[in-house]
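Chains: A, B, C and D, in written order; residue numbering restarts at 1 for each.
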Amino acid sequence: MIDRFASGFDPFVIPFLIGMAFVLVYCIIGAIRLILQLDAEDKKRFFISLITPKTIWKNLKDLFLNCLIHVKLWKRNRMLGFMHSSIAFGWFMLILLGHIECFIYMPHRVKLFYYPIFFNYFVAENETTIGGSVIFFLMDFFLLLVLTGIVLAIIKRVRSRIFGMRRTTKPSLLDRVGLYSLWLIFPLRLIAESFTAHISGGSFLTIPMNMMFKAFLGDQMNMLPTWWAYSICLCIFMCVLPFTRYMHIPAEMLLIPFRNAGLTIKHARRGFAKAQVYSCPNCGVCIDACPMSVKKANIKDTTVYLNRNIRRGNEKRIEEISDKCLLCGKCTAVCQVGVDGPQMRIAQRSIRNYGLEQDYSGIDITPFKEAVAAEASPDRVLYFAGCMTALTPAISRAMESVFRKAGVDYAFMDKDGGLCCGRPILMAGRFGQARQIIRKNKEIIKASGASTLVLSCPICYKVFREHYKLEGIRVVHHTEYMLELVKAGRLSPDAGSDVLVYHDPCELGRGSGIYEQPRELLRHTGELVEAEQNRDMSICCGGSLGSLTLGFDKREDLTRNALRNLKAGNPETIVTACPLCKTTFAMYSDIPVEDIAETVNKHLK
Amino acid sequence: MKDNIVIVGGGIAGMEAARQLLLLGYKPILVEKSDHLGGHVADWHCLFPDMTPAQDVVKGLVEQIKDANIFLETEVSFINRMKMGYNVMFSNGVNVICKAILLATGFDLFEASRKEEYGYGIYDQVMTNRDLERWFNTGDDKRITGKDIKKIGFVHCVGSRDVKAGNQQCSKVCCITAIKQAMEMKERFPDAEVYCFYMDLRLFGKKYEDFYIKAQMESGVHFIRGRVSEVSENMQGQVIIKTEDTLSGKPAKITLDLLVLMAGIVCNKQAVQTASMVQVQTDSDGFLKSKDNILNIIETGSKGVFLAGTATGAKTIPETAAEARAAALAIHNYLVAQS
Amino acid sequence: MMDFGFSISPSSTMNLDKVDLTLYDRLCSIEPDARKCMACGSCSATCTAGPWTGMSVRKVLLDIQRGKDKEAAAMLKGCMLCGKCTMVCPRGINTRHLILSLCRIYGEDAK
Amino acid sequence: MIYQGKQKIWSDYQKEIPDNHWFYVRSCIRQSFFPASERYFLNICRDLLGKDIYETEHHTTCGGIAYHSDTIPQETAMTIVARQFALMKEAGYKNLVTSCITSFGNYTEILETWREFPELEARIRENLWKACRREFDKPEYLAHASDLVYKFRHEIASKAKYNLVDHMTGEPLRVVEHIGCHYSKMFPHKGVGGAEYPCVLSGMVDSWGGQVIDYPERRHCCGFGFRQYLVKANRGYSIANTHKKFESMEPYHPDMIITNCPGCPYFLDRWQYVISEMEGKTYGRNGYGIPVFTYEEVAGLVLGFDPWDLGLQMHQVAVEPLLEKMGVPYNPKTKYLGLNGKEIMKPGLPTVLKCC
């Protein structure tokens, strides 16, 4: 290869340089800002993760698999996965190969920033290049790959259903500019490279194109304008990128190390939260996933719109969206970049100003504590049914019966009512108040001297596990506990012939990762069928305490939809493991709804 | 014999309508899904406001409709609309072509177990108004027989006036039934304290207020204004209920030996199905829809299909009977106009 | 002002003519369901916080309807937002959000 | 207000009041609060109307204050009252007229109790005999002094020099009448016009040219309430009641208040000062209070007696604006001169309430 131009420069690279410089400066400044916004503890954690080999490896792996290959998307829909990875990976390979090419043939030009990008314009083929036909082939191959992706993307715009997406977001004006410039970049590159293929060499795609152009157009006048157009398109795309959904490309490169460093959302609008907002590709996968979007309702209240409104600073909508959500976490389960919808919303709720702050300092728990302490025993199991279970006495009664049948020495902590666990107020974003309650409950539990705490309510379970830090006390949900008893041979439920379906409560499944224990337990008691969508794809019952604003009348459709999903396998009974799900389903279900404790208890002698 | 008339439902409304139609010279066909006539009233013991035995009322009516064609343990399988009437197929295989259909399908008593927080079917000492009437009739119920009953509670509005139970309507008769049963219990357990937990006392009917005063003055029933929210059980198997005494503004707790839930009147689900065969819809309150809710509660949007009794909403027995008579007359007028 | 060793006792009568319903009207504008309450007391009876802090949703609503904003505020401070009241309400009022809204509009007053 | 409706009630509650020959018993506290009132009552009745009214220096308190303050039992009060009856018997009178409303209430209550429980009367008779060897007859008629003035209101009106009208405009004065609670609230048929709409004072106001105003708290207590005032810890409740009355009458802009009880004029008068000091609020025009009068004082003014002879300088709330409105001449220089022409002390001035 030899230089076609001694200067190695042509004015058409200027637009590209401008775009590149802009996007780089913008992203670097943005990244630095976000990192600076982290609090001291998080910052430290982040920097340590950057030099820890394990996290470095994980970061690289995640970056490659998520940003380039889009493995999650592949799992969701192959067409969608292929489209994204063909563009992302293909483009990445084009850039990489361009650099390799440049490095091999024009090492003295590598330092020119634009040179590898417009390599084919600046070089002319000579005999030394013959060995490079493999690279030429690869270049054409990846270009073809990207072009296929682009074609698919265009089809997807028109017919999103083919890609398994019923509903998607509407792109903004800038999004469209970005989108169209992105679509144009690669066809233009193809044409531009084809024009120069007889000089700089090409392969199966560009050479025939070159010949065709020669046959039709005959002159070289079109060569320079296409390179200009190519460069301008790149410039447009890069200049609008920070203001469009394509910001997710650079943002995700920051989000992945953030997440791998183990950060949590500390502030509603800064640091980690902001990284999540920018990482949202606005794909709208969460719209179909959202349990509230039944019958096309509440579509604009999904996580994608939360992110969009946070970027736009529309406070009124941010509030509406964050208050309405059930916090079921399904959007997070389906999200390709892992935006934590519930946490984001709780964070938004937490920065709200209230004229009246709850205060529990006046609560005197001494008598309660003393009563619990009077019966203290290290072997005793402490049973905390939770406030919701007070409305479903069948659950607590079944649990008591199970305890007795298994010969467990237990104490029913809140038989006559207890304090709230703090999770509901935490969900409302009132962290200080939640801490007060947690402190009080902790004192009571510590006073009991018990070593195991069994909970019936997943809402309690989640907060007890994550926020109580009860050293020396094992916190288990009754599903886990009963399974342990069964495994230890202390309970032996007789197998029945009932056809059961298990509903994964949000707080227990997605919230605490307990999917297998209840199923294993239920297999002991009957025939288990699965719902259409189950485990981490389970649909919220609609009764969630997560939502602050969703009224009773607005929830019926959600519940009916969840019931429809559960009844896919024609079960005789719906089994769940949450008092709230039970109450909610029981209102509309035409088949019996019971708690797993009741099911197990029924099958015990 | 004149034209065929099919009456669906052998409760008070169905029987009273049949009686009137017989008097008018028709021979109606009455189908009843259970094995006896009288509907819910047949399960009852005594009726307010004069403590008339329910059996007398039912027997009196049954006696007077002997001449009608009565099919017990029979349901309507399907109805086909024809040019001049309806073709009705019964589950016993009988096929009838009739000119008029009277839907006297009545109501369902709300399933008290659906309000789990009240513990029906979970705690031993919780029963419904129907269970209590059954005990009045049979004297056999393990919740009462042989038990030392010192405190009895009645919870009004169970499954009525409650969106969570899917029924926003007032069941109309529970207030007076609760007072009646409270007084009857007080008679049987003179030493017992009887409590009624109510949201509002709706005592609108003839002599109902007298009943209320009697309950206060003679029986000494305690009335507490507050809706029960939760029920739990103690070691002795007694039930502990939580409510708010809204008049003193304090949450209250009370231990009871027996809790009676005043299950309300909800629309008969099966009736909705039958009605849909003749294109009669349900109204927004979940009961069958009349042509007009003021002057024409008897007729429906479908020609030749009439309604009577609690199929259109909660009613007392005298109201039901009056409506049944009106329905009989409406059918007669309709048939006369047809021929 | 002179100190006589006593002051005019507040009236125990509720003067409904002089009740300031600003807060109630504001509440109804954002939570129209507040008007639905029939004071059955289910919420107060089931309240988790009630036995500890004296919270009663029914009373809070009544106090606000009677212009007794201070009393309502004192009670609201004891709410744990557990949402049980919302579950038992026979009229389907979203009491939990109603409480949150109230907490907020008290703030508006201060501004 | 539907006037005819009240007329109807008044006609149902008419009280028979004998024309002449009365045995008069004075009030404990009026003599110190309104020293001229009782004297002018006697003057008017005896000199102007030529009635026979007898009084004796031997009569004592009726025990009403002690009784209503829960310091003596009713039997004690009954015996005291029995002694007054004995004095009346000894003087040869059958009609008793009391100056004090509480006395009137006390006498009425005792007579009614005796009517219900004759054995109690017998015991008191015995007690009185044991205590002071006296015997008594129950009075044939019992009246309050305001009943008499009510009865003679037209005669007084015919002799009036001034009327209860604004002499500049001819408009009637707006008058708040306040009846003592014990006048007819306990025994409605013993008062003129009953308990709800007694007309004893409004009758006077009507015939002397004034206009009675009807305001929501018209029947409310002045706030004295014996225990409520006498126990300092309860005094806030006492003043709260007065405050409530003033708040209620304020929008009607009353020119004056006429009362027939010892406590009411005193508290309505003095509490205006206390309220003004506590709340900075006054109820009359231009920072003045609403002047409060006894019925005798009003009768005296109407008949043209000198305001200072009537003891109006003893009021907390200045009466001068009203005198000017009525056109009653007065000499500001002699306001604080005693009967002997020497200066009695001048009171200090309140900070808020305008007094002269």
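One rule holds for everything that comes next: contacts are C-beta pairs under 8 Å (C-beta built on N, C-alpha and C of every residue); 3 or more make two chains touch, one makes a residue touch a chain.
Note that the structure is a prediction, hence the values are computed from the model and not measured.
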**OP:** Name whichever of A-C and B-C has more C-beta pairs touching across its two chains.
**Re:** A-C
Original post:
When the centre of a chain is set as the mean of its C-alpha atoms, what distance in Å lies between subunit A and subunit D?
Top reply: 86
Subject >> Inter-chain centre distance, subunit A versus subunit C - centres from mean C-alpha coordinates, in Å >> reply: 40
Subject >> Approximate Å spacing (C-alpha centroids) for the pair subunit B, subunit D >> reply: 68
Subject >> Sequence positions of subunit B contacting 2 or more other chains >> reply: 117, 163-165, 230
Original post:
So which stretches of subunit C touch two or more other chains?
Top reply: 46, 51, 87-89, 92
Original post:
Which parts of subunit A, given as residue numbers and ranges, touch two or more other chains?
Top reply: 390-391, 552-553, 583
**OP:** Give every touching pair of chains, nothing left out.
**Re:** A-B, A-C, B-C, C-D
Subject >> Touch list for subunit B against partner subunit C, complex >> reply: 117, 157, 161-165, 199-200, 225-230, 242-246, 249, 251-252
Original post:
Within the complex, which stretch of subunit C touches subunit B?
Top reply: 38-47, 50-51, 56, 58-59, 87-92
Original post:
How about subunit B: which of its residues touch subunit A in the complex?
Top reply: 114, 116-117, 119, 122-123, 163-166, 230-233
Subject >> In the complex with subunit C, residue positions of subunit D that touch it >> reply: 232-233, 235-237, 239-240, 243-244, 274-275, 277-280, 351
Original post:
What residues of subunit C sit close enough to touch subunit D in their complex?
Top reply: 1-2, 4-11
